[in-house]
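Inspection log for the structure reproduced underneath, given as structure tokens.
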């Protein structure tokens, strides 16, 4: 790794921590925004043979030439390895041929369930969110799932109001009982730390980011925080990692440096 | 791409056997008036964030269409506009929002406050919506999937039916087939017989065209007959199902069209800001839809603003 | 119609009789050999707006430039209106979007069931035939079905050994009971005559060809022949009809004039 | 066709980000030896009567492959040859014969007399076989259809399961998903990374590639990397699933390849005549497969015969 960078945002830390979850040669389903940037960092540094599926119907073996505002921008198509139908790319996911998927969401709970549909009662919601799109399929079907989420107490709830994208349900082999084919979340990467999941599907804090602390994370998390026995500090972004993020997102459109 | 079989094609064309169809070319106003009546179940935005038929949707709004059922995976503010304009009773969708800017304000107002009218929503995943359309195009009453097992979507969408496999008893979600009345596609090229070339990410465009009773094409370019059938693999759907072909250059603005136009990100962001309030949305709608007679005038307005903004120091 | 021709083969009579069953503007699923020639005659004369689906994945609004030996010959592709996947063209058939299909077979019975799989017991067959291909789908799903068959007693059996392509089963609303969506056979065109089907799904002779007779047909048919009250003579091929067949099949490859 | 987005492509290529894959280019002998072992479930002839991978099948015969399960809708004498050569235990098929000449003699001998060995046959319709492969490519355990209700196919094929709809109790045939070990496609163009362009009638090629664990490509031409991804809509399947790319010009002879070669009707008819007897078939096999080391020698023999026949008065 190149030397750690000195000045970076929590979003950038989240992106690089997520990128390190991707192994070389993997087939990856990539969502918009942070997930896309995490994939770009991985592909440029430690996973040059990873390939990316986009739900709009693309497969890329190379990176797009510039920042994508949507996965169907012309730059996403240019140089793609396969341009096809949504049912085929999500079908390959359903057929068990995708190693890992990266997704965000609006709410997450300690079992890694994601809500992007309703805040409040679905019959009389406080907020109608956009919905799951392909993320429900990623969560159901991918070999494993990397969740990415800004860490705020209103988002980290004891129990999501609605399961748009299933994690480990209520724990205790819930996925096996539901017969969900995908492996479920392997990591929940936030702007403050990195969670992993124990055998009963509960999230525990595996590391906190250099700018954060376990206490701060506990305060921003709506469930009693469980800690890894070897709880450590997330390695900060390297200059190389940061330079890739900033090459694609020079004005900080997605990483919030402009806000 | 090397066009295949040029010589044989030239030979075939020299036979001059006549095509099976009359001209389907018409105006946007006529196409929408004739083929998308009140109450239609209509697919729009089948290619997800690309080639979204905004011009057709704006004509639906101008003609005050009512009681529509909108069907589409991710429509990137198009559904929001139709909902805000009061055209829609029901949305069968994967995701409704503004892909680069955030939540869909009109969609929120309709669901949360029944403004301007109540809206029923059937939430699908993008896979399950694709399977629903695919099933209709295959004459299958449903397609089973293991996606969405344990999620809350099947509890709220009667077309995602939990059950067990007749083969081995394992749990499945049966995705009921969904046959729209009309699928509206914006494509790169079409001819007046209804052959249409679509390229780029295809989303659920093929499935939606095969599922529908009829297909309405808006195209960047209408080209002479015989050109597109030189490469029939590029043709998106059987011309026989196409009822109208409308030349609509820039008819997907502000969404991108591969080979033609980039996405106009700032237009999406401006819509997001202005539609935050009902008054803001209505002013936006007046400026960009109701107060604009047609696509040509829309682009004139866009161009005038661009020129003006460049002239401003 | 142009004046009747004087010299033509029974195969040619069969082809023109079948071609007259196709109406203008219809969407037609076309099988190889005789069905293809029948479609060509119809399209050139009285059904110029008919369009043809081929199960290999083609839709044609115009005729191919020359005789097809198979439906995937380059001449079948050249000038096609849509080149696509078999599941899509047969899917449109299954979705109820095809008016009529034309098929042949090896055995037919009085309910219009077709066998192209086994002669004899399927566990120890005398002859293993090629199978149904798309014809089983045509018979199950098309709005109506035009059967074309050389008229020989060994082919016209009381009951087919195996139902590859369902007609009216054993009669008595069998298709409704089976919930078969397609309408079933509307005509059985042979080298000797033209059969139609009554309300219980039984074939009756509607007309005999000019070179044949009801007696000859009875002798070549393996079930008691039922006759239409208005039994007539099939109009013979016109010169125009014959000239089209011979334009596409100048050496009589399919129509047997070379055998 | 105007290649879309040339400028953006040039830009993307100028970035020089490396592809995700090593070269998969190899010889036919190596590809067949490594990726199609004894007992494989293999799709061949997915495009029905066009682009049938005869050269790959001949290599299977030369390598004395055994216990194969062949999967394909209509293979126009290719399955007949593999069956006659004793490579096959099971055939999952829509139609086995000689499309322009009639019955398949080796297929008949195998079914009727167990010569050279017994053959189990699972009869599908072309739709049901397509649905079986499609289901596997979608991760669906089955797809229901109303085709084949009342036919005798479901009585003899355990993968066509009669049942009733979980939605409304109406009768259906559940077509069980079918995932081949390997799908062999002959295509017009491929690159060494595994991108492959296939055009013409597609048959069940897309479904078979998506259903398979791995895809083996034989191509009329192998072209440099970066050419085929200029038009990724033409790419038939994800390169990531392709395990081998073999340049095999004329590798589909005697079947046609759109844009390259016509069907060699007389070759089919000669095969039909000669394969009528077991001895005749064995002599044919010696002459055109076993006694020929590779595709190049096959075409030399073909060319020599053509020259000779033209020289004969």
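Letters A, B, C and D mark the chains in the order given here, with residues in each chain numbered from 1 onward.
Methods note: a contact is a pair of C-beta atoms (placed from the backbone, for glycine too) under 8 Å apart; a residue touches a chain by one contact, two chains touch by 3 or more.
Since the structure is predicted, the reported quantities are computational estimates derived from the model, not experimental observations.
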Chain separated most widely from chain D, comparing mean CA positions: A
Separation of mean Cα positions, chain D and chain B [Å, integer]: 36
Euclidean distance of C-alpha centroids - chain A vs chain B, Å: 29
Separation of mean Cα positions, chain D and chain A [Å, integer]: 40
In chain B, residues with contacts to at least two other chains: 4-5, 131, 138-140, 145-147, 170, 199-200, 202, 206, 233, 258-259
Touching two or more other chains - residues of chain A: 58, 74, 77, 83-84, 87, 91, 93-94, 141, 181
Contact graph of the chains (line, ring, star, complete, other): other
Touching pairs among all chains present in the structure: A-B, A-D, B-C, B-D, C-D
List of chain B residues in touch with chain A within their complex: 47-50, 73-74, 76, 93-97, 99-100, 103-104, 107-108, 111-112, 121, 123, 125-128, 130-131, 134, 145-153, 156, 170-171, 199-207, 256, 258-259, 262-263, 265
Residues of chain A that touch chain D when the two form their complex: 25, 27, 43-44, 48-51, 58-59, 61-65, 74-75, 77-84, 87-88, 91-97, 141, 181
Of chain D, residues touching chain B in the complex: 1-5, 131, 138-147, 161, 163-168, 170, 172, 174, 176, 188, 199-200, 202, 230-231, 233-234, 258-259
Chain B-facing residues of chain A, complex: 32, 54-58, 69-74, 76-77, 83-87, 90-91, 93-94, 117, 122, 125-137, 139-141, 162-166, 169, 174-175, 178-181
Chain C contact footprint on chain B (complex, rising order): 4-5, 8-9, 11-15, 17-21, 136-140, 179, 193, 195, 206, 210-211, 229, 232-233, 235, 237-241
